[in-house]
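Given below, in the form of structure tokens, are the structures.
After this come two complexes, each holding chain A, first together with chain B and then together with chain C.
Showing the complex of A and B:
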């Protein structure tokens, strides 16, 4: 099991990145996820849903995404994760975390998230849902 | 087997001037790749004439002229090959690969190396662009450049056999050449009787009586051997290096052992060019047309007849096979199940040849229906290679037929489908492709055929997608190329070329807006928001990713000039995306949208 998570701002800029056991394609992870923005931008106008399951793939890796109402994208590139439902719930909780960050008076939208607390909580979530 | 593509230079010029992409001209290369083959045998004296101009033999000389019409999809062309009697024995094996894959890989490696060197030497933007564009066309010509004789398709079988001689040759030496060719031991799947022999008598114009001698030789060849002849008037002594000399370029399908360019007298170039044109339009194609009409009457009409619908017996071959042929394992239908080939006397072979000839004559509607006639027979006989190849060319007929409508249909954009609709793709094309690739790879282990099939179909889809502004075709093309990658047939530099193909398809991907845009006068004081409706209509990020993957394979340290250009294309793609989003782009391109590329540790900076 391996995973790369990126929160991407409205101007395609990375807000937060986390990578677990992605060694074979480590250098390419940002670009693979970045390229999947083409697909998610295409799909997001066709439906009201926020979660986009398995929108793209690269080799044996899949990509799923989540678009917040403020057009921030959560993207994960993963291999052999437990289930789609786990990914959906992970995104739901990640959104809660992101909204809490947004509420901070010291954070501006589209700015990189450098909070250690945020990072720890995201890692806890990945342990909870994916055993990573 | 390295093949190069120099003669496409003038087409690249057209590409530059008319803003064409290499995929617009790739159809011309594909059509030329399936041109009728004409084999050549020559006497020592005629080869000596070729040697006077720096060529090894007459075949090599002729091959420099075979791409003369390659820049047009309208003009017909022929390809020259060596005579069957000169072919090595391994050319006659059944179910043989189209070309050596190892050699192919090394030739692609060499090609990129050469282009890298050329790019390093030039700073002219037009020239650099031309070199980049040439990659896909060179790749295509290498795929189509195989010379192996195939038992399950007849494109590689010569239609004419030329015996080239001079007036100094006597009838006996021609007779020996002709007898040797006629007595060539060929497998049962080569029909020597249907290869039309023709003599070419080279007449030396500098000798007054030579033309008369040529006419006399023509008559005696007709009387003694029943051979028809054409006169080729040359002036072999005109090899002076003066103002009247011209440069001719190596054929796209020629061997790399041929020099890239040759300097010959202009008169020789004009004479051979005229002869080539005459041979193509006045001899080969009229002959094919006559034959095709004859075969249609004899083979297709009875099959489609009213009585045949009730009496299936007439469908199969009524040809009787000799005892010797029976001992070779040929059944009453002409099929050898052990070695997996159809006898050239069998109806299946003849109809397949007819369909291939229709294809070469660019009548794709008839070629499709003729291929379709054979499908059930091949399925019944379990002749898998034949079936896969048949399905392959059915799809080619369908796609080339649609692509060639480009000229007649104006580029309207907005999802023009030229007859190949989504339904046809899903219900007919995709299942057939799935089926034929499975057969090629799993049942027959024919990797090069699978490669050719994937590449040609994807080229045709890209070409259609580009011409008709329809993303449906581009998506299919990308799917085919990604499927080819998953088959793991290619490696190294060839893989990088495929990545660039995929990137190109993503670059031109563009879905039209659903509504008409209202143009407003520009106002700098007005707040400019990102136009949400324009998001997701293009695939520039995807194009960038595949270029990046290509850079990784090509290796920036080995090919710095080549990969530098690809890096610039990545940046251009992303800048294009920003422009489409309505973001003002400044000259240094240091925008937050591009930070993925420029941040510390990114691949672009590393390379």
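Showing the complex of A and C:
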């Protein structure tokens, strides 16, 4: 079970990345996720929903995405994760964390998220929802 | 019989503190820009201070506006992505501003929204809380002048930041003709 998470800003710039056990294709993760961005950007205007599951495939890795109201995209590249519902809830809680980061007056939009506390909380969430 | 009301529960203290803070921000930014212009021997002193000071408070409002959409929508709905309100038309965004944003920031909704359907919107608030308690000892006309110069930049900045975060370039101007009714003129590109 492996996982790569990326938070992408409004100018296609990565705000935060996290990977767990992605050894075979480590170097390709950002490229794969970036190409899936086009798909999400097409889809987001057609529906009202925030969560997009399984929008793309690469070998046997799948990509799911989530778009916040402020047009920040959360993308997950994963293999063998069983539950879609878990991913959806994970994205929900990630949205919470992101809004809390926004609330800090020292954080400007589209800036990289360097806080260690944020990193720890995201890892904790991934342990909780994906047992990783 | 003693009046009993819970000041904290209806946010009176919060709102009052915010109003005082914003009033102070206006005067501090005025003094700061006067000092800066003095130090740099700017030629057209009056005009430079007026525009620089407005930009300062407007920037503050702008940064807040940028983050507002995410925060408000997050407060409004559940976490599981049950859908955002439809923002496909700019009119809907304006309605969102009138209702939700104004309500959460200032405690009341905007009274009037007018549009020419070609990119210009006018939002009229008949009793704008930020300035409704201002009263100059030199009379009503002076109150109006002061308001125009110092106190309306902040909400303009908020609106501009909000629209920017929804990818709409705009210019926002505020006018006060009849105190305390304020009208915001928004020019967008779409």
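Throughout what follows, the second predicted complex is superposed on the first by the 132 of 132 C-alpha atoms of A that agree within 3 Å, B and C clash if a C-alpha of one lies under 4 Å from a C-alpha of the other, contacts with A are read in each partner's own complex, and residues count from 1 in each chain.
By definition in this document, contacts are C-beta pairs under 8 Å (C-beta built on N, C-alpha and C of every residue); 3 or more make two chains touch, one makes a residue touch a chain.
Remember, it's a predicted structure, so these values are computed and weren't measured experimentally.
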Clash-or-fit label for the pair chain B, chain C on chain A: fit
Touched partner set for A:34, first chain B, second chain C, both or neither: first
Which of chain B and chain C A:70 touches, first, second, both or neither: second
Superposed model, angle subtended at chain A by chain C and chain B (C-alpha, nearest 10 degrees): 120
Which of chain B and chain C A:45 touches, first, second, both or neither: both
Partner chain(s) touched by A:12 [first = chain B, second = chain C, both, neither]: first
Which superposed partner A:98 touches (first chain B, second chain C, both, neither): second
Shortest CA-CA distance between chain B and chain C [superposed frame, angstrom]: 5
Residues of chain A at both interfaces, chain B in one complex, chain C in the other: 10, 45
Complex contacts: residues of chain B adjacent to chain A: 530, 532-533, 535-542, 544-545, 548-549, 552, 592-593, 595-596, 602-603
Contacting residues of chain A [partner chain C, same complex]: 10, 45, 48-51, 66, 68-72, 88-89, 91-93, 95-96, 98-99, 102-103, 105, 108-109
Complex contacts: residues of chain C adjacent to chain A: 63, 66-67, 69-71, 73-74, 78-84, 86, 88, 165-167
Chain B partner contacts - residues on chain A that touch it in the complex: 10-14, 27-28, 30-32, 34-45
